[in-house]
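In structure tokens below, several structures.
Shared chain: subunit A. Partners: subunit B in the first complex, subunit C in the second.
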Partner chain A sequence: MKTLTKKSVSRRNFLTGTATIAGLAAASSALPISVANANHTETTDKLPDFIKWKKRSALIVHSSKTMETHRTEIGSSLITPIRHIYVRNNLPSLTDEQIGNRKDWKVSVAGVKNPKTFTLAELQTLGQTTIATVLQCSGNGRGWFPHKPSGSQWQTGAAACVLWTGVPVETVIKACGGLAKGAKYMTCTGGDAPKNLDPKKATMERSIPLKAHKDAILAWEMNGVDIPNAHGGPVRSVTPGYFGVNNVKHLIKLDFTAKESSVRYMKSSYRISPLGKKGSQYPSCWEMPVKSWVTSPSQDGKVKSGKVVISGVAFGGTKKLSNVKVSLDFGKTWKTAKLVGPDLGKYAWRQFVYETTLKPGFYNVATKASAGGKSQPELRMDNRRGYAHNGWKDHSISLDVV
Partner chain B sequence: MRKLFFFILISLLPSTMGFADPAKLSAGKEIFNGKGMCAGCHVLKDAGANGNIGPSLDQLKPSIDVVKSVVNGGLGVMPAFGATGMLTAKEIDEVSFYVASKAGK
Partner chain C sequence: MKTLTKKSVSRRNFLTGTATIAGLAAASSALPISVANANHTETTDKLPDFIKWKKRSALIVHSSKTMETHRTEIGSSLITPIRHIYVRNNLPSLTDEQIGNRKDWKVSVAGVKNPKTFTLAELQTLGQTTIATVLQCSGNGRGWFPHKPSGSQWQTGAAACVLWTGVPVETVIKACGGLAKGAKYMTCTGGDAPKNLDPKKATMERSIPLKAHKDAILAWEMNGVDIPNAHGGPVRSVTPGYFGVNNVKHLIKLDFTAKESSVRYMKSSYRISPLGKKGSQYPSCWEMPVKSWVTSPSQDGKVKSGKVVISGVAFGGTKKLSNVKVSLDFGKTWKTAKLVGPDLGKYAWRQFVYETTLKPGFYNVATKASAGGKSQPELRMDNRRGYAHNGWKDHSISLDVV
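== the complex of A and B ==
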């Protein structure tokens, strides 16, 4: 049994939504939605070169560097099509020229009995597995925070369900003679820090609790193709159940450390702190809380009365999803939805379906998922940077049934 | 009530629409290309800036509040110019006014 520090208590409260400072006001501010919808239809607006292979019409463009998947473009085939997957990089993606021969890409391993450096080709001889995980930006849902935190105003689409192929971290550790003494964190470093910036401020390095290494892999393939540069190839660490930022792109170092990294991206960024406060004493964006949302029908058009199929996605972060409930009356009554399609394990999302008959009128459709004995809270937990939103109210949609 | 509303609207217009204030604009541009180092990380045609670390400001077309808040508090690799005292409140106001007025133009 772990001792409950102050930190873990506040984190727990945060993630379950029991510490309620969440504001009631402006539950779904109209502005981000209309702006986003306008972008969605502006298909003439070209995508920047580094992701020009993406499908413009599937994406809501927030900036020249950030795009999210439109609600309906998550699709209903469980795995998110790679051309639809959101784009969010703290630092410019490495180019083919910077990467060079992909098979020669190097990852050094430290914090083990025999530290070593492996090329991608060598990693591929150690072992291989495939896992399905939900990749979700810490700020997914930021667009609903009324205090308008800086950064992209994501709604639901900074998330995807991805198949990754790579070598288990456990296998890599074994190939290096086991863990060295004193390891408490798995610390991954990305090779994308721009050369002209201070490495302490511009190196993407993330530490997660050591226990998370058990299901983690070093991946080179994503949904059947080499991981594209924009998603962190040639090698990316995949840390199931943990927010996107912990899945370090362009991986150059895997370390097992006694302390959390001291770079800015670990120490001060990605901390879930109250409004107006910041600092490393606040919980880091690590495990994702339980969450769900409707992906179909679209709230942008009208729905024909009669039989209606409502579907969406739900996941439990590091916990297995238990169930998803649907409410058509602003959360007064809830009915259990069916979980459909393949179950790719607790780190993937499940698709849910709720079949009903609707008379003409306006409906609010809310969904509430449960996992590990916890359910999504009604309201967001307000925090300075707008992280980890899993409140069901903001994520609900309105349907105009005619 | 309605009169009051129009009065407020009219008095807000010049600031929200960024009506030219040449001195403030040129002060803001100087900070953008100089002390603020914004040009090293962002695209902004008016400033001749081609930085590629943060998002293109021409495409983002941020409001003055969005600029102010991020220049104050920083974001990821972008420094917190206000919190660290790298820029004064007046300088932040100027550079934000400049960006909000010129982005996308």
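== the complex of A and C ==
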């Protein structure tokens, strides 16, 4: 089993360009550091304080701030249990002390006719709805890129299906007299930038195309509880169908801007660029592509021959899921799986089930989802940082039927 | 604050006819005992071992085996967090030791052409689906009956909206060659009867009309995790639209019978009889009637004048919810609330939101849901044991707008 030392973790963080911030977090507490090996086991037996309420056995620890959910620990009940949800924070999560009274947390709104600042208590008087979305890290699946991009080597577990409650962004805009002229982007700013660092480098600020605000909300609750600090409470922007990073944690500003933000996290990070290239001319990690994977059975275990139920999750990003197909022969032939359980809307994932009868032997189980006229490709689209992997081949599992 | 002593709790249990079993549970561990007062505060600061993983502050402790969810702790995200879900067990929950390897847990199936016994592992090869249901104790709302029926004095919190994953009962029947002739009831038996007690008195066995099996499942997962022992794992029958007691915990037998079970929990308990009367000629606690209540704001707190968002939950039992109306003047006038969030199907509850502007003063906030052509009545239907309360008046809240 390969175990990273603190030194090698710093080296990794250095490679991702977050050395200063990571160093700051590491200095603030003695965190256990370890890493997953290819078989998803790890040596750390404790979680850091800021997520000590999580279920340790459900998580693969990649570093002191990044933990993914074991493939079989998503649950089969549609909504990912909060104690199992992955953790991925570019910046140290704010503490209770830094947040203070949650109801007094302030969010300023700009790029509207009447700019205003609302406390959380005030936002809660404007309106309330609930949406279900897939929350997924841009780098989910990075672990399968052959060029070994820097960053956490996620496989499937930097993703969850979450229920969020908050106020629709449309309602907030209305309470501010409507959009100002010239708005082309919805730009959200997080309040977690360490004060002693250059704001251009340390501020989490993300712009997404204006149209995406239509279904977005400013959320204060996830899966029935106040959004925990580790997941960006008291207020987080939830931008359905867009990669996790666009769902800005510890939200302090909602702006409607003519241009994309110029901070590092928008301009240079999270760009899908060819191998060896980088720059803001490449597409940002915005809309998630269609994707699916098997969650049960586990590829580590053996399965009894006879009747076998194969199940998993599938979603269409910003498009409604059309279908999921399953192949047991390396993609030569495909059969349609059943979609089961409640349909929580196009931004949630759906559960699929494929019931079959299998003789003893080794099988490859691949799944291919379609949405909006597009299907998952066979292979990943190679890119420098290993973003947006939705190739069905790497996501397939081996099944040992005995 | 009124605090029950162990003696008075025993007296209460004696009144409910469960003295022997309660005594057995009390003898097995030193459990903290306390009770809620009218303002929902209590003195016990620890939960008993079998539910020590629950969130203490979300619960009102009525006795060592009965805890309800605070009215404001249901969450606004549709699915009740598992750590907040109420606890109500007629019998002590089975322990891990008693259960053994969960995959080996056995459920026998009778009243079918080819009776069989399945392990949980085998049930999981038959099929898989997910449903959302309201799980509600028959006595939810008992605390408002003026004749003070014996039993836990629940207000709104013996209810939750839960996601269950398991195999459809229809699929199990099919795997057994279909129903045998003469089946009129689906009868489920729990494996939690203490061995030294008379099975007729201590066995949790419930019969429901055969038609109810169509949407029922044998579940092994709730809200994304294995069903905890306290909630009836490894396998529980889930009978959507029917009161909680019909969702039999620790399921060991699924039978299709010509007659209702003759055990005490079917024959004499859970009968909706007039005051002062009892007997099996009265209706059993089966289908839940339409119901709704406000969950936010809290009636204990003060609300600022101006814009106010009133929200809550509503469900139609076995019927699809039609609408929810809100009255701020003791039921003189009613306005329709918005139904928000995903629709998880007719057996789940829906969230409603009513946005209004309020001047300072005291208000009564009542809600009235309709489903299948029926609306909640103004008053409870008085009955000996205080079951099935869905009157809107008692469920209304007082709001102090300042």
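We take it that the second predicted complex is superposed on the first by the 358 of 402 C-alpha atoms of A that agree within 3 Å, B and C clash if a C-alpha of one lies under 4 Å from a C-alpha of the other, contacts with A are read in each partner's own complex, and residues count from 1 in each chain.
Definition applied: a contact is a pair of C-beta atoms (placed from the backbone, for glycine too) under 8 Å apart; a residue touches a chain by one contact, two chains touch by 3 or more.
Fair warning: this is a prediction, and the values are worked out from it, not measured in the lab.
In the superposed pair of complexes, A:K65 makes contact with subunit B only, with no contact to subunit C. Looking at the shared chain after the overlay, A:L78 reaches subunit C, while subunit B stays out of its contact range.
Of the two partners subunit B and subunit C, more subunit A residues are in touch with C.
Touch criterion met: A:V340 reaches subunit C, while subunit B stays clear of it.
By the touch criterion defined above, A:S150 reaches subunit B but does not reach subunit C. When the two complexes are overlaid on their common chain A, residue A:A132 makes contact with subunit C while staying clear of subunit B. No residue of subunit A lies at the contact with subunit B in one complex and also at the contact with subunit C in the other. Contact residues on subunit A toward subunit B in their complex (touch as defined above): 63-66, 90-92, 148, 150-151, 194, 196-197, 201-202, 264-265, 269. Every residue of subunit B that touches subunit A in the complex is listed here, in rising order: 40, 43, 52-56, 59-60, 65-66, 69-70, 73, 75-77, 79.
Only residues 74-82, 84, 121, 124-132, 163-165, 221-225, 304, 306-309, 311, 340-345, 348, 351, 353, 355 of subunit C touch subunit A when the two sit together in their complex.
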